[in-house]
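Below, subunit A partners subunit B and then partners subunit C, in two separate complexes.
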Partner chain A sequence: MTAGINPVVRDTLAIAFGACPPACRECVKACEHQRSLARIVALDLPEAPFHGAVTCLQCSEPACRDACPTGAIAQDEKGVTRLDSGRCVGCGACAIACEWGGINFDFAAARAFKCDTCDGRPACAAACPTGVLRWVESAALMRQYREPDLFTRGASLCPGCVAELGFRMAFRVIGEDAIVFAAPGCACALANGFGDKATTRLPAVMCLMTNGPSIMTGVARRLRQIGKQTRCVAFIGDGATADVGFQPLSGAAERGEPIVYICYDNEGYMNTGVQRSATTTAGARTMTTPVGPHLKGKTQAPKEVPLLMAFHGAAYVATASIAYPEDFAAKLKRALASNDGLAYVHLYAPCYVGWESPMDSVVEISRRAVETRMFPLWEADHGRFRITHPIARPRPVGDFTRLLGRFRHLGPAELDALGRQAEDRYRRIEALSAAMPLAEEHPRQ
Partner chain B sequence: MNPTLRHVIVGAGTAGIAAAEAIRKTPEAASITLISAESDAPYSPTVLPHLLAERISQRAVALRSAEFFDDIRCRLLLGRSVSALDADRRAVRLDDDSQIDFDRLLLAVGSEPLTPALDNPDGVRCLSFTRMTDLHDLRARLAPGCRVAVLGAGLIGMELAEALAGLGRGLQVLVVEQEQQVLPRTFNQEIAGEVLALFRAHGVRFQLGLRAVALEKAGGAVTLTLSDQRSHVADLVIGCVGVKPRVSWLAGSGIALGRGIAVDARMATNVAGVYAAGDAAEGPAADGSAGLNPVLPTAAAQGRIAGANMAGRSVQHDGWVPANFFNFFGRVAVSVGDNSAGPARSTVDRKANGGRGQLFFEGERLVGASFLGVPTDPGALSLLIRRRTPVREYAELLAQRPLEASRWLAARLQRGN
Partner chain C sequence: MAAPAYLPQGAQPADGLAPRLLDGNKAAAYGVLLCRPDLIAAYPITPQTPLLEQLYKFKADGRLTAETVEVEGENSALSAALGVTVAGGRAFTATSSMGLTFMYDAYLFASGTRVPVVMVIAMREQTAPTTVSCGQQDLMMVKEGGWVQLVCESCQEILDSILVAYRLAEDPQVQLPVNVCYEGYYLSHLSEPVTVPAQEAVDRFLLPVRDKRRPVLGTEHPMTFGTYVVGELYAEYRYKHCQAMERAGGMLDAIDGEFRAALGRPYGGAVEAYRAEDAEFLMVTMGSAAGTLKVVVDELRKEGIAAGLARVRMFRPLPARELLGLMRGKRAVGVVDRSVSFGWNRGHLFIDVKAVAQDLEPRIPVVSFIGGLAGTDLRRDLLAGAARTTWERGRGRAGAEVIWLGLE
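Our next item is the complex of A and B:
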């Protein structure tokens, strides 16, 4: 074993923070049953109020391991940090070093102990009745990150941009047998190059905001004619998708063109100075929906483009979030597998510049949008629906808006209204999934 | 990164090994040489009381396996002490007068025991307890019924006394401490008083508020005279009055020395390319001061930071917080941060779940905490103290349910809530 030297590639026990029902201890009971001493701790604090669970996060550079004076803690080849109780002297150095609540102490035996993920079959996740704990098989996706990136370094997008992260990740999943289509917007910098320098190894087409799906139609049809499997994949922003270029997209969906269209939705025209678009959330401050004596941000509810696409009877439609990369990757694969019509993937892409938040906040914003039901994760196959990440106990919408300066002006009444909109959005998908269920999950690849 | 850079680490303890690993994580990093003055496989002195108490065998205390050093391509020189540093010629000199050239140097030289200031006309052997050889010496002399005097009730003295008391064999243990309480600077009087009672219940005797002033031979035994002029008879005397950085050999080398080796948040000394970490490093604390904090988690963190910077990354230590964890006779005692009461401070002191907890606040911010006999999370508490988190409103919850409450507040902080 080359301890900690190789990049860690492993599956993950994901815990939705603070989303547990009160007094639920099913994970603790399951862990006790399996391992005699519970390695997961229920943080059941009605006084706070807070109800959550915490266990080892399996750090890639575990501080507990570095602090252990007997070498009792080691990282195995799967990236799991294990504690050999036979070598533990109970000194507690690991418990001081770990700031994440990953180390527990057995008072009776005077030994530390910790989670080792039950060798990839954690009993806690299996026993969780609410989906708060999930075992996420992220290793396969992580391994793809060892393959060469199809785009060059040093693109001119902002550091920490979801559009760039999503663009690079999408094509790692899609692979090299693809043509990328872009339109004016932030992310087109990855496709169309800088000056005389190419930025991608893929063939790339720079469209107008108004004609992406039309150009793709022609290219895709010609590729079919000559018997090629090469896929035409768009990575285009919400302005070109929902506003300026919606007509050709609608037409391509209705005609059933075999193209894959990924919309990265940063809810506005960000590279031109943050103007509102049809997908901007109600209440958000933008340059064209300012906050002042007469206006308090955007007054209209956002256009729900993914639903509109599903009602075209598109072959495949999904919403995706960079905070749930395995879900995003699985949906891309299903989009690629659907050859009998248009596949549309709507990627939630917070823009920290336009949304007024710190540079390192976009993944957390993406996660909160899902956890508060602001952005439900679902998919639809030929008009049949399924929620892919149910949120049984949504967090208050304030947990989401508080991350973003563009909502700072919202009072309690406006927050309530935003919360109701989120509820309606989630319930609509829930109702569609109940009425028109997508019978079984696609086989995971 | 220049692929020919030579990294030399003096000291194969927790800090030195953490640094070696951090250097090797940078793909292009070149040679690493780790020099240890001791001939045993690298170990941490933390294990000494546990070895003495026979909680673990000698075979199970190596910090890393022998293969580990091969795996990270680290040349390990055991039993070789470094006697001088020539900062201008970029070389360290070993005890056999050979030299090792370096491009980046880490001084992870650790600490050495302070010698008790005693009148000792007969040259009575006063043992120390910071190295493996000290343990071997002690074991060889520890006959059944032995009367052992431990000088100092600090971290080392108390862990040693606990291990001795647990051995049985008719050992009689006396601890002498010049302060009025055990574990001064770690716990305040109340919790220290409970710890003291626990030790006394296990047969350990204490003389507090007194210094040892003289040692004399008395037949096969020793007469130990304290500052109240009373005498105590002992067979063995072990000095545990503290440790100091092992830096005297660096005088005149050009390395800036205070109480230890002065370093910045990158663990860099005043000499370019020379770093220090661990017990010998006088580095930034979380409260903005600088000082020594000779405990394992700090050594590991500083070593990791130093190694990363040596290998060309640029990272900073966010400052140490004092933190200690003890297991005395099956009762866990935890101390984090500054546990002194002061005029600008408020204290919450609660007895809960058969134990005791104390929290110290400055305004809304937690600055110190200690718990005895109650499950808690010292890492989570350290984080709350380091980040100066306003958690005064949750004082009762932290005192009554410290494990869950500290983990919740730490997790909330980490997730930016």
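Our next item is the complex of A and C:
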């Protein structure tokens, strides 16, 4: 199997196009200092008004390379498009072919030249005072997700579903030597097949709400008996994890079954039309915790399943968010590496339908949940804890709740209570990390 | 060490040579041991528990190589067993009563996914009222669950039925889970002489699981187990399931033949007929009470009353053809049940037998006798009374269709 859709895995110069302050030329100065002739152009058009920086975007399929008649332009092994001035005849075909203004031309020498990212340490980004130019080390992230997508392209989940995204992302890390276990719920549509058609190229078992970890126990034991390294991986929702299916999960953790269990937590029974589960946030409106004169959403705080699992003798426990994909991937790798017991990854999975927010909001919701300490990112390896993304100065909880219609009915007092719950949750993990620290940061994949 | 009293003078108990005194649970454990399972997952419940303990003893003694999983509940016991089985292994589990109903969703998953797992039901009453006593009510709670169900009369038959169960379950024409059922205490805790066959003989009868061909969960040939299905395809799955059940029923005679060739003991197929051919009327039952009814039949014959017995050995699929054949020409049928169907207030086996009897011409009386609930004895006098009542019904005497033995 070849790598995923994009064959070029490289770091990226991210440009917030048109977001420069007027008359700022810091990037150009830095580039001139580095390379004598600037490869970046500051477009200052006060009459437009437009203020932006333009340079080579390092296309995956560069048109300039294809247009060059002498072969002077080529991509190097890191995906950087370079121009060999010794072979350039100054025809200008590359500059005409590039739609992005990424080719520069030295009229004095009659030669083209272009950005080479300063070999991965661009001076422009380092000099940018506003953050418009940023050097993003995306190669490492893309390498984390380099396995092919093993699931059907057409699936009956809502567009923009974070569970679907998380499912696909997880197995781009886990890869093909795995058996996937699903249970009734939204995301099972990616794994359980439909009629006589499979929905994944992985071997898959559609379990019951009540027996995923137990079927996995049997399969994992059998795989070990016959000398297979294949991993058993569950991708199951919070209802089958925290409520009706908690007993077998508890049993498998206590017995130390070498399985990987990913719970995608959309805080409710979303596939049956948004009913509350044990993990639903307090105050949230659902169809079984509606809002009226006598009830204002869910009255109980959520069951903290990842903590429960950590206190169960699980080999590895982590919380994860798709807003922090490098963190998610690193934790999946660590979960796969822990063969001496159950590995549990709790993936935060906002459901925009059930949580009453726009279709394109789930990543931002995921990020805000971390930034407000509503959903701390941490891991525990054999009972040693570590916060993987510390939040030194949390945003007010209102920055999170205002994204979601399910909290619209909450007044200041209820929001305060929610904020205190988040603080308690974060401090519990902080205290555990201080008392039983997981010392070394594990190597990034 | 002196030979036990039940053995002939000078004989020593040894596998495959002489009978040893085993209760039903131990007999089942020997059956499991001889089938070389890869994994045993179970959760203790009375009266099945000593079976588990015996298996763990075998493991501690190094005789059993299977992995064991001490699960946290019955649903997980069956689920772990079916996990091993879908991944190509051979698994065993056992339960009773509320443990069986607690695993009901996994029970249905196992049959619908056509997982050839074998499970003992040491039969017991259902709560409430709370009791741990013998009954067949737990089996009746799952009779519609799509499993093949064998019901034993003796401890020897328990051991032998475990071997037959794997042979049947794993047959490519069947691919269904199989229950081996026996009554709590009357069989689970009753000791009888049991011949434990030699491993080589069992290996001839039951191939190692690695030699069986069936769809296996794994990365070599990725497949989906338990796929989501609607409409006609669902009906097709059901249709094929029913066809497999029919094949299982049709195959038992042949498997009994193989068993006799390899291990020397004959069984009578799905229904054991006892002095039934020339009988004027027929008693029908299943399980341990059949032994007492055989004595009753013999006694009535001495009085000149031509009684006969049909013991249902395979409860599901129902051996309707065999039952119909045995009932044909009889003047009445009496069915003894150790369970009751709420709502119609008859015994469960009675309901099946009565339905089959609709094909008889002319119609004959079929009487339901309910007894032996919660471990009360199905005594010889009670069963003799039931037989006499049935005989009288065949000679025109009117009466109730259902009679609670010992209660009315």
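We adopt the following convention: the second predicted complex is superposed on the first by the 299 of 445 C-alpha atoms of A that agree within 3 Å, B and C clash if a C-alpha of one lies under 4 Å from a C-alpha of the other, contacts with A are read in each partner's own complex, and residues count from 1 in each chain.
One rule holds for everything that comes next: contacts are C-beta pairs under 8 Å (C-beta built on N, C-alpha and C of every residue); 3 or more make two chains touch, one makes a residue touch a chain.
The structure displayed is predicted, hence computed values, not measured ones.
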{"item": "Which of subunit B and subunit C A:Ala93 touches, first, second, both or neither", "value": "first"}
{"item": "Partner chain in contact with A:Asp119 - subunit B first, subunit C second, else both or neither", "value": "neither"}
{"item": "Which superposed partner A:Asp66 touches (first subunit B, second subunit C, both, neither)", "value": "first"}
{"item": "Which superposed partner A:Ala110 touches (first subunit B, second subunit C, both, neither)", "value": "first"}
{"item": "Touching partner for A:Ser250 - first (subunit B), second (subunit C), both, neither", "value": "second"}
{"item": "Partner chain in contact with A:Asp399 - subunit B first, subunit C second, else both or neither", "value": "first"}
{"item": "Partner chain(s) touched by A:Asp177 [first = subunit B, second = subunit C, both, neither]", "value": "second"}
{"item": "First, second, both or neither for A:Leu43, with subunit B first and subunit C second", "value": "first"}
{"item": "Partner chain in contact with A:Thr217 - subunit B first, subunit C second, else both or neither", "value": "second"}
{"item": "Residues of subunit A contacting subunit B in one complex and subunit C in the other", "value": "none"}
{"item": "Interfacial residue positions of subunit A with respect to subunit C in the complex", "value": "176-179, 188-189, 191-196, 198-208, 210-211, 213-223, 225-226, 228, 230, 247-248, 250-251, 254-255"}
{"item": "Interfacial residue positions of subunit C with respect to subunit A in the complex", "value": "38-39, 41, 67, 69-73, 75-77, 79-89, 91, 105-106, 109, 217-219, 221-230, 233"}
{"item": "In the complex, subunit B residues that touch subunit A", "value": "14, 18, 21, 24-25, 43-44, 46-47, 50, 55-56, 60-65, 68, 71-72, 295-297, 299-301, 303-304, 323-327, 330, 332, 334, 336, 375, 377-380, 382-383, 394, 396-397, 401, 403-405, 407-408, 410-412, 414-417"}
{"item": "Contact footprint of subunit B on subunit A as seen in their complex", "value": "1-5, 17, 41-45, 47-48, 50, 52, 54, 61, 63, 66-72, 86-87, 89-93, 95-101, 103, 105, 107-108, 110, 361, 364, 399, 403"}
